[in-house]
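Residue numbering begins at 1 within each chain, and the chains themselves are lettered A, B, C and D in the order written.
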Amino acid sequence: MVCESSLSEIHEGNDVLLYLDRKRTYLVKVEQEKSFHTHKGFVQLEELVGKQYGTRIASSMNIEFVALKPTLRDHIFKMQRKTQITYPKDISLILMFSDAGPGNRVVEAGTGTGALTTSLACHVRPTGHVYSYEVRTKFMESALKNLKRAGVSEYVTVKNKDITEGIDETEVDAVVLDLATPWLVIPHAYAALKGSGVLVSFSPTIDQVVKTVEALKENGFVAIETVECLMRGMQIERGKTRPQTLMTGHTGYITHARKALK
Amino acid sequence: MVCESSLSEIHEGNDVLLYLDRKRTYLVKVEQEKSFHTHKGFVQLEELVGKQYGTRIASSMNIEFVALKPTLRDHIFKMQRKTQITYPKDISLILMFSDAGPGNRVVEAGTGTGALTTSLACHVRPTGHVYSYEVRTKFMESALKNLKRAGVSEYVTVKNKDITEGIDETEVDAVVLDLATPWLVIPHAYAALKGSGVLVSFSPTIDQVVKTVEALKENGFVAIETVECLMRGMQIERGKTRPQTLMTGHTGYITHARKALK
Amino acid sequence: MVCESSLSEIHEGNDVLLYLDRKRTYLVKVEQEKSFHTHKGFVQLEELVGKQYGTRIASSMNIEFVALKPTLRDHIFKMQRKTQITYPKDISLILMFSDAGPGNRVVEAGTGTGALTTSLACHVRPTGHVYSYEVRTKFMESALKNLKRAGVSEYVTVKNKDITEGIDETEVDAVVLDLATPWLVIPHAYAALKGSGVLVSFSPTIDQVVKTVEALKENGFVAIETVECLMRGMQIERGKTRPQTLMTGHTGYITHARKALK
Amino acid sequence: MVCESSLSEIHEGNDVLLYLDRKRTYLVKVEQEKSFHTHKGFVQLEELVGKQYGTRIASSMNIEFVALKPTLRDHIFKMQRKTQITYPKDISLILMFSDAGPGNRVVEAGTGTGALTTSLACHVRPTGHVYSYEVRTKFMESALKNLKRAGVSEYVTVKNKDITEGIDETEVDAVVLDLATPWLVIPHAYAALKGSGVLVSFSPTIDQVVKTVEALKENGFVAIETVECLMRGMQIERGKTRPQTLMTGHTGYITHARKALK
C-alpha cells in the first residue's frame, strides 16, 4: 500500500522494492515460502518478515539487495505497462496545479493504468474521493488491479463511461484530464466544478493544447496557463560530473485553469 | 488557510486571491470595512462575504476581478519575499521524491520563508509533523507568520538551531534540505531517518551537489539520483502559438536518496 | 570589415571591439583625433593605430580596455537594433544547414538588419553572391549601411522586392528565409533552386512551421527537418559553478529541406 | 568533395547521398559498373553520371531514392565512426565562435575522425590552413582518409604529436580544442595565438570546463564564456505537431575566449 503513514517493519503481505542498482529494482509482495528470481540469484522473501525496511538481503548468489519501502513514485514507475506513461515529473506538477488535498473530490479521465489516479487518491485521503472515467474496458480492469495493490481502491470510483458525454458529479474541487480530446470535456468540467475549482489537462500535441485553451476561454475559465517541463538527469562523480547523455525530450504539455463564476 | 478541504463559500477572515490577469493577482484577507486598493481602483472586500469562491467583483473603476480560492501554489508564490525563491516546479518534485503523506514525520532545513515547510505540512496533515530548522532568526520570525497565515502552524515545529550540528528527532520518514552546506547534514540525516527513509536536497551549484552525493555514498545511502528540471511557459493562441521568450534557465539541482541499513 | 583574413595590426579606419567585461563591449572605428566616451572615462582611439589587436588601452580614468578584433559574431550582436534579433546560435545552425561556402549563390529574405546577410556573405566569398530581398524600405537602408561597415557589400545585392511574389534568380544553391509568411515563398524557392539545393526557414511560431512544412511536402522537397535550439550560459567558478539563472527560452524554429527533381 | 562551389551535375568519382527517408541515407561514390545494395534493392550508381544532383533513381525493387549532393553536415554525420561524435549543433557553434574564415590559420586538437577538421578546413579555404594534432596513431590514419574523401587534405596538416607538450605554429588566428585535458594546452595556445586570437574548447564534463576556465584566466585570456546547446527535433504534422520524444540531453560544454596582450 502506498502512502501508508509510518510503518517501519516489513510484514507478510507488504510490498517491498528490491533495489540492486539505479536501473534494476523489483516491486515484490512479501509472502511465506516465496522466493524471487533475478539474474543475480534468488531472494527468499520470507526472510524479510519482521525486518526493518532498508535492510539488506543477500541473494543465493550472494549479491546484496536493499529492501526499500516503495514510494508513490516507485509504484507509478512499476504500474505503467499497458498505456503511454505519465512521468513522475508531470504527475508531480499536475498534483501541484490541481491543489489536491485531504477531503477534495476530484474527477479524472482517462484512468489508464491508474498511475495518476493513485497519486490523486493518496492526496485526497482519507475524506476525499476520486471519480475516474475510463471508456476502454481493458484499461479499467488493469487499473482496478493496480489501485487495489496500491491500497487506494476505497478512495476511488472507476467508471466505465465516456467523459466527453458528460460528468455525473457536481461541486467537485478539480477535474484532471489526460485523454485524446480534452477540449470536448471542458463544458462538462465547467458544470461539474465548484466556483474557483481547478482544471488540469495533459496533452502531448500542440494541436490538443490550442483546442483546449480555446475551449477554456469560451467556457468561463480564467488564469489559463500552459507549461512544459523538461527533466534532465545528472551524472555526479568528482572529476566526471556532467548531465546524462540521454534525455526524454518531450512527454506533454500541462494546461491548468480556474473556473470563474458567470 | 491552504489545503482546507472543501469550503465553497467565502467567510470573513478567509484569504482570497484577487485575479485581474495572469501577471496581476493579489492575496488578501476578507474583513469587514476593508477595501483593497489597486491601480485599477479599490475593491470592497466585505462584499465577498457569503459569495462563492470564483465570483466576480467590480472595482471602483468598474474593472472586474475574480475572487479565487488561493491554492498551495498561490500561497507559495506570495510567501517568498525575503529569501531566494524555491519554485513550484521544484517544490512539486521535492514533494514527490520525499513521498510525504499523512502521518509522516519530516525534518526540514532551512525554513527560509516557510514555502516548502507549508507544502510539506499540507501533505503530512493531520497526523504527521514537520520539524523545521532555521539558524537565521529573522527568517524564522517571517516563516512563523507565513505558516500561521497558511493555517498549518499546528503541524510544524520551527527550531532556531543549526542543523549541521545535529538533528534532535529520530525515526523520521524524510529529511529535506535546502541550505548552503547540505553535505554537513548527511551523517545527522542518516542517524535521524528510519530504514528506507528518504533524503532530498536542493542546491543551486554543482559543487554542492558533488559534495552531497559523496557524503551520501559514504554514509550508507542508496538509490542516489540528481536531476534538474526546466519549465517553459507556452503562449497558446491560434496562429501565434510558441514557447515564451523568457525562461528561468536554472534554479537548482534536486538530489534524492534512500537510507539502507548497515 | 569582418572575416578579413589575417591582419594583426590595427590601422586607421579599422573597427575594434573595446572590451571592458562580458557585458560591456563597444564596437568603434579607429580614427585620428577621435576619442570614445564611456562611463569609465574616454579612450583615445588614435593611440591604437599601429598596435596589435589584443592590446590593452587605459581610459582617462585609468580603466583598462582590451582592443579586440571584432568577429563576425561581434558584428552580428552590434548590428541588430531595429528589428527582432536573430541569435548567433540560430545563425550558426542556419549557416550549417544552408551549407553556404565559397562560390555559392544564395537567395535570402528578409534582409532585416543584415545580420544573417553578412554571415552568408562571409561564407560565399569571394566568388559567390547573396541576393537579399527586403520589402520594407527603412530596413533596407539600415542593412546597406551595416553591410558596408562589415565590408561585405560587394558580395550582396539587396533588392527592394516582395519575395512572396517571385524570385528573379535561378540555379541558386540555397534559399534562406526569415520572414512572416515563408510558406508563400516555397514554390518560388523550388523554381529558383538547383536540384539538391537547400531551403532553410526560421520562424518563431508553430503555425508558421506547420504551413511551411506542408508547402515543402507539396512542392517536391525532401529531407525536411525542423529543430529548435536552446543555448544556456554557464557560470564557471570553482565552488560556485552553475548554469545561469536567466535564459532565452525561445527564439524560433529552424526548418531545412532539399529540392528533389520531379 | 565537400564545399565545392557550384557543381550541378554528377560526375564519375563524385559522392552522392542516396536519400530514402530521414533515417536512411547512404553516402556513396559514383563509379562505373558499381551498384549499391540496400534492403530496398540495389541501385546502379553509373546511371547517375550526367544527371543533376537531386535526381530520383529507382532501385531494383523499384523503390525511389533521391541522389542528393552531400553537404558538409552530411559528411560529418557519415564520417564519425571510431570516436565520440561531435554534433553538428556543436560544430556550427564552434565555427561561429572560432570566427574561422578564408585565409585563417587554425590549430586544432585532437583530430579524431576529422569531422571538425574538415569543417574548419572548409572555412579557411583556399588561402588558410588547419594544423591538426593527434597523438593516437590509429585515429590519425582514419582522419587522413576522411579528409581525402572530403577533398580538403591540401588545407590540413595532421601532426602525430601531443599538443599538451607544445604547439609548433605561431601567430595563428584560432586554437580549437576537443581533447581530454584542454587546460594543459592553454599556455601553449596563448603562445601560439595572435593578439585577439580565439580559443575554443569543447568538453563533456564540468570538471574539464572549470580547469580550463581557470587556466584561461591565469594565462591572459579575456571574454571567457561557456555555453551548452540543446537541440530538439520537432515532429511537424497538422493535428499531431509536437517535440520529438527522444533527445540528446548532453554532448558537451563549449568555452571560448580571446587572447589579450600582456
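As a working rule, contacts are C-beta pairs under 8 Å (C-beta built on N, C-alpha and C of every residue); 3 or more make two chains touch, one makes a residue touch a chain.
Because the structure is predicted, anything quoted here is derived from the model rather than measured.
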item: Set of chains adjacent to chain C and to chain D; value: none
item: Neighbouring chains common to chain A and chain B, by label; value: none
item: Rotation, 0 to 180 degrees and nearest 5, that superposes chain B on copy chain C via CA atoms; value: 180
item: Whole-Å gap between the CA centroids of chain A and chain D; value: 44
item: Cα-centroid distance, chain B relative to chain D, in whole angstrom; value: 47
item: Touching two or more other chains - residue numbers and ranges from chain C; value: 206, 228, 232-233, 238, 241, 243
item: Overall pattern in which the protein chains touch one another (line/ring/star/complete/other); value: ring
item: Inter-chain touch pairs (all); value: A-B, A-D, B-C, C-D
item: Touch list for chain A against partner chain D, complex; value: 204-207, 228, 232-233, 238-251
item: Sites on chain B touched by chain A in the complex; value: 2-6, 8, 19, 22, 25, 52-56, 66-69, 71-73, 88-89, 91-93, 95-97, 99, 101-105, 122-123, 125-128, 171, 173, 194-198, 206, 209-210, 213-214, 222-234, 236-238, 241, 243, 253, 255, 258-261
